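Here come two complexes built around chain A, the first alongside chain B, the second alongside chain C.
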Partner chain A sequence: MVQEATKPAAPPNTVTLTIDEREITVPKGTLLVEAAKSAGIDIPVFCYEPRLAPVGACRMCLVEIEKMPRLQTACTTPVADGMIVRTNAEKSRAAQSDVLGMLLANHPLDCPVCDKGGECPLQDTTFNYGPGISKFIEPKRTFPKPIPLSPLIALDRERCIMCYRCVRFQREIPGDEALTVIDRGSHSEIAVTEGRDFDSPFSGNTIELCPVGALTSIPFRFRARPWDLTKVPSVCDKCSVGCNLNVEYRNNAVLRLTAHPNPPVDDGWLCDHGRFTYDYVNDKNRIDRPLIRRNGQLVPATWDEALDLAAQRFRDTADRAGNDAVGGVISARATNEELYLFGKLFRGALGSQAVDHYPRTGSAIGPFGVDALHGSIEALERMGTIVLLGVDPLKEQPVLNLRLRKAAKNGARLVVVSPEANDLDPVAAHALRVPHAALPTLAATWANLIVTEGLHDAEFIGGRTAGLDRARATLVDFTVERAASVIGLSAELIAAVGRALAAQGPSALLFRRELSGTIDHAQWFAALNDLSLLIGATKEDGVFGGLVTQNNSQGAIDLGIAPEGDASPFGGKAPSALYLLGVDPLGDGRAEALDGVDFLVVQELFLTDTARRADVVFPAVSWAEKEGTYTNLERRVQRIRPAVRPPGEARPDWRVIRDLGKRLAPNGFAFTSPTAVWQELAAAVPAYGQLSYGALGRGGQQWALPHIGDGNGGGRFTFRSGDLEGGAGR
Partner chain B sequence: MASFLHGLRAYAKGFATTLGSAFKKPITVQYPEYKTPVQTRFRGKHMLMRYDNGLERCIGCSLCAIFCPAQAIYVEAAENTDDNRRSPGERYAERYEINMIRCIYCGYCQEACPTEAIVLGHEYAFSDYTREALIYTKDMLLVPDPRKATVGAGAD
Partner chain C sequence: MALAPETIAEIERIRAALPEARSALLPSLKAAQGERGWLPQETIKEVAEMLGLDPNPAYMLATFYTMLHTEPVGHYVLEVCRSLPCYLRGSDGVTEALRAELQPDEHGNSADGLFSLKIGECLGDCPHAPMMRVNDDFVGPLDAATIPETLAILRRRAEGGRVRGLMADPAAGPAPNEGPLTFSNAIQSLPLTRVRD
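The block that comes next holds the complex of A and B.
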């Protein structure tokens, strides 16, 4: 007689096991260490790191599994149904203690002078699992210490426990062979590969990954103990990715920046540029009070004098030469609140349209009529195909480059089209060298090829778009042969790559907004919009957009801080009174931007070339000193918080703009905090109005695209009639 | 009458004690001209000690500062170089300050110190007119270099 099992059926693709007498159900393939973590059971580890492939090098995570003859490493053992695991029984406890004893056999007792001391996993694990006393009386292995691996990172070989996290990180994440292990057994040591420099732009992550004090930061060396530092979570302002970080300070000086993982954005990584660029905040040469020009010299002034003078001259110029004669350019690195106030100052208080952000991001309206990325950074991990046209993320959005490598590792086929060698070439399915001038032709040719050969998703195109025939007519001249002659690549290669783009599966298309040379950008964007629709990059699960470069370029686009037409203060004729916030045209070799400017107001951290020429100089504050929000390249609005006090009399930038506004307009500038500015901004900009201000400080929130429900890619795809000719979104 | 005699007896007894004490050695001293010795384990003003070779014992590890229940200690460390060697090993205290009026003289700093660099001495008289003057800096806490002291004092 067959009896049916009465146990409730577990959901498919899960396994149920017992760890320390507790029954746990986890997805199939989960590693034991992760399964235990999900149940709140702590298994000590050193070499295991969820973002790197497991190796089982340190043996710290030994656990007892019933029916297995020996202890197993929890970090390399996948769960199995009915497994019975003990992490705290006598055998595993003894193993943990013994392994720690062995790891400590050669580890020096120099915790008091070690920069890791106080935040060291080896200290903590020894405290929790260690033997308490050492059995070793033999002398420890010693090395000269420390040796610099690079100008940023010092290696202390005595402290190393050979977990290989640093070597594995470099190989697996940025794909760099700069670090290696030399020699064998207890003589093993981490070293820079012969003939190489440890110059990876992501090297700083190895400092944080190192579970002991073997790799330490040279700029931070002995500057403070971890318990001396106050941590303020913030957002990096060095590029458009918007990685989250902790600003750690002591005595009002920023001493280091560490990752504050926000996995959808940064996966917990930082690039070295973001991690190590903070000395300027502490610089003693910063402008610390307002300056005004008297008798040809810039001399210190009170805030009231400087603000009154600037307001008076702006008003006079507007009255004399027209409102548009007063112009302003604000850095694309300013916060949304500052951008909004700046726009309000010029458009509202002065009635001038001459307001712009710098560096200016040209508009790139997608097929849905929105100038923003469709999809998200995280979605790139799930792509079948990723097309990169003219972008160089390693230089411009470094941490995005890591995400693209991760996508390639997950099986995405990368098609890298760039004028020069690209860091992603080695992991790309196709790497094509194409000059900027030929990119519009290439995009149009691929669109033509796909539509002519009928490789697109006909159901999607037919059901959701209009104008396919018109689009086909505009593309008909872009034959593969013509493209081959323009670009200088073989027609077969262009056709083969083009066909590969149309393969099914989620796809992404990321492109450079501004191509160098004389390019018809309208044609470039039209071709991109066509191609994005035809390869499905604009589907719910796709990613499509032009990558912006500055930390708040997207915010400047969203808030419309750009003139209509050609009235740009940096484009056509310069206004006679100009307000520059964080912009240095003379330093950037754009001296012509100041031609014809009679009255110049500059707000800056340092006395730049432009500031030296100004009539009024306001001290600006750095990102570590102010409050506000940034919008990153994927529309994610994230909050920054002030860590240190600005020098001298410097005031937050939003306050300076507000105080100018108060002098130039009877009302509308009565804000008391950046939060108050945000509230008005959110009411004025519909996309921002849907965001919860609280969420912005906890990982941020993407503003919702009109054609996607909730802005996180999980909503309904309500778009009905796009136009394949591009431009006009419905 | 009886009560009168009783009172007289009390006077006599009292004066006898006074008179007796007048010929004993006094236990008070004329401070500050004279000072009474303190117990060996008395905890007074801190000293930053040196090794016999003159190198500073303090390595700037800040353990005293984190142990200090009154948060009276401030340490900033720096790295030794071959040209400027202040302590053995890699690290020394570039700044070492104790707020003497915040300190509660509990001696935890001395207990926490891994190199026996900070020791609470027997000095206890260091009043001053401002609070700032009572934040003692490293040069006020560091004991003199034994080698230099010998030369400077012109011994022998």
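The block that comes next holds the complex of A and C.
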């Protein structure tokens, strides 16, 4: 029965306090500003940013706390039980107004020509909390108007209110100290060392972090007012992380890209490559109509002429030289819908197995029986140990690098193994220089060490895996002494790091799929498979996978857009007729891929070297102009949306593939939209069938890894190296 | 403009004595400043690189601390405190008197290259307000009326031939090492002036 009247005790590790007469219960350690926010109470801030450590520099968030003699900064004060806080009483209001008056003392009134105007926290906060009329009659301090800190970012020192968000971001998140503050007190300025640029690969984030118009984007300056821009949420296509962004456009021109935070993926950050690479969308030199070769020259043609010609020649070639004589290669940056249609065009309509994606991702089947990452990007934050074998995410997955730094800050021990200096070395517990060729040996040696010394989780290995004994027999040769002589590191160091990997706690193993040199990749993956089981990276709380590089490499793997056997149009037997979508072998130094091709169809944004050689050129559309889905490196499927219209007569790529399909097959290509393609795709690929299309447009959804029982090994993870002849990594 | 071998040795000694490279930055910059009295950008970078640090935080430190100079300075760096206690005791008058005597250029340097006038924040010597720092010594309480005498004593001392002068020209090379200048001896006779031990 319900007992009368005593208030239910607050759950442990929570604190109950009163803000503006409202009782609020929040976790212990919550900062006042966050506690207020959780109750919908707005405390004005400038320097406070939840993703950065609080500093209390700007004094904007002063609040009155009972029994405390002075006003306190809400951004640095943790909540306490029974605290009574007033954010909107007379004292706090007066302080807020005074602080704003001081912040504005030297702030220029150039809002009408300031890029930040219209989306400026200083403007908004002044409107809500400010004095309206300045108490100061002194002339404002002036500086020469904006100085470029880099080709991308300009600094206007007059507007700066010294919140240090930018400097703190660079120091705390990428950890590169690319920005600093010089002088002191009221003379302080944001600066870089003379003769040096603000050269961080993440510099653009400071534009959005800046609460005033002090840091502005040079490519965007004076191009548009924020309220004139239309924002379309989409997904970056520059790497496999799949950061979310807004495509902001006006008059059908993309004018800037801004973060559209999807915390599990990107924490709200973008790298500069993703943020600033958009000019090509607006480029006047884009191909804007189909071209066909007549008398040796590429000349404009109608869509019907170009499609008819391509379809006819594909059919003729297949009839004359066999189905596999018609090949196709599609960019790993294409959408899932385009990949699916492309695959259907070749395998279904033409009966050809010569279909591939580029750059090709080598297969890396994990212990789950599928080629995909176990765990998630976000889970990396909770790791005890993270092992990176041969990967340097700063170069290939920049925003993932930020997550790994965050993990290190949270206490994860990073073990960085790479052939050359790695950006993560300074935050790593161990940074080892090991050439690619020695990585399989190292992985096998660590696996052997852990199992020999019994450092693994016996319960997990005993209950959930099979084949350890066979694996041990092949691993036994991999002693630390032998590894030391192969790798050139001391046996003590190799052993010490190996033992550190076995420490308890969630662990992650991220590796490079394709090692350079003559490596037996089957042995490499077998060694990784076994090491991942022994360090627990395949447990529910672990992360294990080979990092893919392109925005939709994972989609190409999932949809099977790769040939069987040696039918690859690249590297294998050259087809007589070749369809390239977003692929430029001549530009990539792979001219041999076109040897023996006598009918070439190229779909491209620009007239590339390869397109110039084509017999039919279709205009392609950019990612900012199309609809579809991408699958990122953690198998999260996310939706992209069209923002601007493609130039001239260009049509969405999926339509072009569909129209070729209609010409080559009696049925099966009656799609009316990318969504219709998705529906067929989802029915054909079970993992994708479980996804909700609606969720794909709201932060995306990871497709579920099959239950272990569905993989090989009879419900258990299987040790692999025992299956190899002669053992792993020899 | 590479660092002198003695400076490099000194920085290595400082680095070895401290657990964190960052902690060694401030004393190392001070040591490097000993070479020519100020720190050119190149020198700041060189010190940071020696310690394996990014030059940006070194630049921050060099500009934050008023004992470090990122522009050429005179033999005597006068830093007048402008914070409240000194201000209430007349620091603005002292500053005006120094300006009138020294006629400093836009960088605060006197034409003879002997003095650099800086305005600083509280140096923690409020009992002797208004006060200033002369190189490594605190001087106060000061009186605007006797500033010409104070400067005259400093000039006389400089004329003794033991002065480096304005080191704007790096080509002139480092100053001869004459051992530390113990300013306090020189101004024992200064009227109304107390020298902190």
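Brief remarks follow.
Throughout what follows, the second predicted complex is superposed on the first by the 695 of 730 C-alpha atoms of A that agree within 3 Å, B and C clash if a C-alpha of one lies under 4 Å from a C-alpha of the other, contacts with A are read in each partner's own complex, and residues count from 1 in each chain.
Note that in this section a contact is a pair of C-beta atoms (placed from the backbone, for glycine too) under 8 Å apart; a residue touches a chain by one contact, two chains touch by 3 or more.
Please read these numbers as outputs of a predicted model, since none were measured by experiment.
When the shared chain is aligned, chain C comes close enough to touch A:G185, but chain B does not. Judged by the touch definition given at the top, the superposed model places A:E177 against chain C, while chain B stays out of reach.
In the superposition on chain A, contact of A:W227 is made with chain B only, not with chain C. When the two complexes are overlaid on their common chain A, residue A:T193 makes contact with chain C while staying clear of chain B. In the superposition on chain A, A:D110 contacts chain B only, with no contact to chain C. Of all residues in chain A, only 110, 112-113, 117, 145-146, 221-225, 227-228 touch chain B in the complex they form. Of all the residues in chain A, the ones that touch chain C in their complex are 176-185, 191-196. Taken together, the chain B residues at the contact with chain A in this complex read 59-63, 65-66, 76-79, 89-91, 114-115.
Note for the complex: chain C touches chain A at residues 41, 44-45, 54-60, 63-64, 121.
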